[in-house]
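What follows is a group of structures, each given as structure tokens.
After this come two complexes, each holding subunit A, first together with subunit B and then together with subunit C.
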Partner chain A sequence: MEAGFLASLPAQELVFFINRGLLAGLIIGSVYALGAVGVTLIFGILRFAHFAHGDMMTIGAFVALVCVALFTGGESIAGLPAAFVLMPIAMAVTALAAIGIDRGFYAPLRRAKVRPVVIVMSSIGVMLMMQGLVRLFAGTGTWQLEAGGAKTIYRLPLLGRDVILTQPQALLIGFTALAAIALHFFLTRSRMGKAMRAVSDNPDLARVSGISIDSVVRATWAIAGALAAAAGTLLALDVTLKPDLAFNIILPIFAAAIVGGIGQPYGAMAGGMLVGFTETFAVFNWSVLLRPLQPWLPDFIDIPNRIAFVPTEYKIVVPFFILIAVLIWRPTGIFKGRVVK
Partner chain B sequence: MALLDMSDIHAGYGGANILNGVAIAIDAHEIGVIVGPNGAGKSTTLKALFGLLTVSQGTILLDGKDITNRAPEALVRDGLSFVPQEFNVFPTLSVEENLEMGAFIRRDDFRHLIDKVYGFFPPLKDKRRQAAGELSGGQRQMVAMGRALMTEPKLLLLDEPTAGLSPRYMGEIFERIIEINAAGVGILMVEQNARQALALAHRGFVLAGGRNRFTGTGAELLADPDVAKSFLGGGE
Partner chain C sequence: MSTLPRREIALFAGLAVLVALVFASMGAAYGTRMMVEASCYAIIGLGLTIQWGYAGLFNVGVMGFIALAAFVSLFVTYPVNGAFWDSDMPGQLGHALLAIAIGAAAVYAASQTHRLGLPKKWRTLLTLIVLAIAYLWAQSIFDPATAQVERGAGWVGGLGLPVWLGWVAGGAAAGALGWAMGRITLGLRADYMAIATLGISEIVKAFLKNADWLTRGTLTVSPIPWPVPTPQELGFVTSRAAYLSVTALLIVVIFVLLQRAWHSPWGRMMRAIRDNEVSAAAMGKDINRRRLEIFVLGNVLIGIGGAALVTFTSIFDPSAFVPLNHTFLIWVMVILGGAGNNLGTLFGVVLVYIIWTMSEPAALFLFGQIAQWGDALFDWKAPADFATRALQMRVFVIGLTITLVLRFAPNGLLPEKPVKYE
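What follows is the complex of A and B.
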């Protein structure tokens, strides 16, 4: 009886949906979430869109690659990828680099009291510069963060099939969840986290309260830089490391930050997941889930082999559509964010 | 020795000066009130004192120490606290977090100061977990003043603390100001409600055109027929 019930379920199709739909969305959504949190924190404190954020992720991944080359032969450490074990170093280096970039390029403009759009333009300049630097030292080819190439794969049997997750993917999802929790406690419990929210709320009042704006700005870059490096490293572990690793995903990351309500860290996390899932479901082949219904459908309805909202090659338009929809129906984002003046 | 001694202050926002020789002096534990018509330079005087705009001429002494043109962050450590007229709370932070931000420069345990602020403003205690932006205007003003008290300032600067408040809250805020002053905090405030404010002032300063027009105790100014005629809306 029970076996009959199980057998009647379209197991193969369901597990395919979990693997290619739910998990795939969760994986790319995690990368977007980690990036979008940085973008939204920087916007909340410094009031400008940081276009170089994607390349900060790439730089972080390359720092991890250098660490792996310097300290190990590329073999795994305690069963974990060397790049993941050494990721804290990459995060620290990228955090310092982010503070340095701010000191060198953005702080002088703030002191000159330029309009925010000027700083946005300068961040595009920084983006091009970082892209050039990466290509100068690493070339234009692809790199493997994990030597050997064979990733540990976790299989969870379900309905006679396997739900499949590679180790880097599991680490990415786990890290993102931990980062979200840690960020929540940092922002609501720590003195510096509360000061960051205060500066985001009302910078003038923060200043007259004696809050050191400089240290808040430094903390913001450190967090944004560290999370960017983690996102870059984990993404590179999942796919491959190449110079345009994260430049390609800066658009969905901005979409996630705006959808979540710009300046809202929790919104950015939710926005990242929303964009990740929407993108994945938009290109998912729904025919797989519909085909088991064929026997019950009348003959003249023939389920085609491929039903997707958007062809895979056009995946990049999905964040655009989400952006447009949100800006029309809820201009300040899902979580009420800042109105950009 | 005077707690605050501003003499011959000239200042402006670049271009023409708004202040053309303002002098303010109050002793420790006193309430000073600045009144005058719109554009007289009342709020500008507070901003010049708190380092929010550049003083081009004149000196400001706090407890005998020259604080002219010091940055606001430094002045907070010197014992000054400023409550702006508008946007004077952190709206998404809770009431208690607003108070904690007032104590940002402190590294000691300031729990007892939060309790002291709740003592001055009991309604805040019930709303401590609520976002300050959700409170009524009068309660927001209490949060703003409470935030400014967290550094235990020698001198509290209030820019129109009763602006836009209902008469009931106005009276309550004035009462609290007297209590805070009685607890040993010097107060310098700008007020539109000149008559009520001068009634509780030890020192009153009537500004017009960026200069002192009348200076005296609150009672003297209230009794002066010239002040009454020009600045307090007729002699009544």
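What follows is the complex of A and C.
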């Protein structure tokens, strides 16, 4: 921290906290939430942990990249990044790919009535295949979804300082909110959504009451795939597109889904936000906020330069500990999911 | 059954021919190195096959257990670092460890205050507050101590004890970590265990990579002492053959013990739990305790194998542990060979490891050809990182093998044999 920090007003620290703490948590939480909704739907309806979900995000982001390269020169369209405008294509392609993967790899195992854990293992196989394909065609380097350019930045003046939000971040937060609302109406109002909830609650009862399990499974994969593609594309727009994007993100997503309660889409959204905020606050340097209090504190309390709960390089520990804590104290998650055993 | 096990004989004969071919084409030094590595993987594979094949436990964190065991073994066997022990740093580090112990005791005390009549809600809040304060306090003592170690002596160094002790300690450490993981996840769905083990393996790696004061982090440690004379003293082939005899002896001992366990009432009980949890519970078996037992046992074997593997490479590099080589490759070996069949696991390990090592030059050759032909016929310029991409193809092949085996040959090449009691 520079010395300038000490001399300045508390407003600066507060805005710094909003930028680096609240907004950063909201952004990463949105990505986790979008992923966790898919994971929790698959978990609730098909009853297995889908390890390839992170790679579905990567695939979606790469489809968006290909679309951008094919249809535009990477310029923005109507003021929005081309990747965002073309994202529906990527979502559709990934949704189809997800259905295809289910047909090719998981459905035969389900028909053979294997133990659920065998399907989990098969999803790890699928994960490795996707990773291999992405790296084969895209290399191991980093890609930019936005060709050549500075991102549009929104500045909101607050207490004489600016709250800073880049355009991709705003799109990400907005899209997540919209997706949450749309999902809510889909699950509570539409026929298919109600059927999905019924299958999630009791597959046998749903089958005998005439619900087509196959179409429910297809719808589940379509939603999960589309949301994963959106999350991958938006995350790649915010930072960069890397082939190993997925592997680091799968653990927080699982943590979010389990915290929220398996099979509970709202729980997954809340869990994603919880994991995102906890992760950000755990690595946040709290001394920035405590510094302004120094004049009022007695002399023997000296606020150190850095008060963070977890060093940044151990960030992955945070979702893991949330996961462990939930598994120990409340295995059903905050929203009382069902599938515990 | 007195009939000859034709399938086993045919498969192992084929494998012997393959090994002989590798020795003939790549030379004895290369061949022995490959066999030593395969034998270390075989110990790990046996550990995994009892977890998955005997008890149906899904451990995706093999890499973490290997890395932890490798580090503990290194710590026990590496020569003593005088620069560290002759200074006041051990005292400081001891002070820091004491602070951690006091903090832990304070948190435990706070978590027991409900016995003094404090409502549970307040107890939880108090515990969390004490935890946060204790954590920050211990951290504020620990960080300077470790930073001083890094500045002064570089790192802690080892204990300079014999290698076999290191391997035992490595196995014990992996088993202890497995015990902690098992306590948390074994009562829940199998999926949770997969997620939790995947997480712990990444955390172990992150810790080993960043705790420079303890492991030297990315600076790596070498040479790790060997249990047998090193190549400098005996030459490559002889020393590697000596190492191979050590690991082969270990495999024989472990194999015999596991076979005995498989046929014993204990093994029968494990299979009963795996195949029908409810009826096993109805027969009065303590399912979670038995699973914990076999999970810990499997992790001890994984740890010993991992310690042997890293000792053989003679360099400890935390970044070299990757899930592909140290988790999924072993999974392919186990399920391809036949989970629950120890002989099948040994076969799968050697076969897959030969294919794995040979696939590197093969993939490079294949992609080199593709690049040449593409250039010649279509005027297509291969990207600069084409060679590294060729190796990524192996990730795809590993994944494809897992999915295909699970679908078309779920029992592997040498399936588990149902034990018949007559």
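Observations, loosely collected:
In the analysis below, the second predicted complex is superposed on the first by the 331 of 341 C-alpha atoms of A that agree within 3 Å, B and C clash if a C-alpha of one lies under 4 Å from a C-alpha of the other, contacts with A are read in each partner's own complex, and residues count from 1 in each chain.
The rule we apply is simple: contacts are C-beta pairs under 8 Å (C-beta built on N, C-alpha and C of every residue); 3 or more make two chains touch, one makes a residue touch a chain.
These numbers were taken from a predicted model, which means no experiment stands behind them.
Residue contacts after overlaying the shared chain place A:Ser209 against subunit B, while subunit C stays out of touching range. Look at A:Pro108: by the touch rule set out above, it reaches subunit C but stays clear of subunit B. Legend: residue contacts after superposition of the two complexes on their common chain; A:Val163 is shown touching neither subunit B nor subunit C. In the superposition on chain A, contact of A:Pro116 is made with subunit C only, not with subunit B.
In the superposed pair of complexes, A:Asp201 makes contact with subunit B only, with no contact to subunit C.
When the two structures are aligned on the shared chain, A:Leu80 is found in touch with neither subunit B nor subunit C.
Using the contact criterion defined above for the overlaid structures, shared-chain residue A:Val66 touches neither subunit B nor subunit C, since it reaches no partner. Contacts of A:Phe309 after superposition: subunit C is touched, whereas subunit B is not reached.
Once the two structures are overlaid, the count of subunit A residues touched is higher for C than for its counterpart among subunit B and subunit C. Overlaid on A, the two complexes show subunit B and subunit C touching no common residue of subunit A. Within the complex, the subunit A residues that touch subunit B are 191, 194-195, 197-198, 201-202, 204-212. Partner subunit A is touched in their complex by these residues of subunit C: 56, 58, 60, 132, 135-136, 140, 184-185, 187-192, 194-196, 198-200, 202-203, 206-207, 209-210, 323-324, 328, 331, 335, 383, 385, 388-389, 392-403, 406-407, 410.
The touching residues of subunit B, when paired with subunit A in their complex, are 50, 52, 72-73, 76-77, 82, 84, 87-93, 97, 100-102, 104-105, 147-148, 151. Listing the residues of subunit A that touch subunit C in their complex gives 43, 48-49, 51, 105, 108-109, 112, 114-118, 120-122, 124-133, 135-136, 139-141, 247, 250-251, 254, 258, 304, 307, 309, 311, 313-314, 316-317, 319-320, 323-324, 327-328, 331, 339-341.
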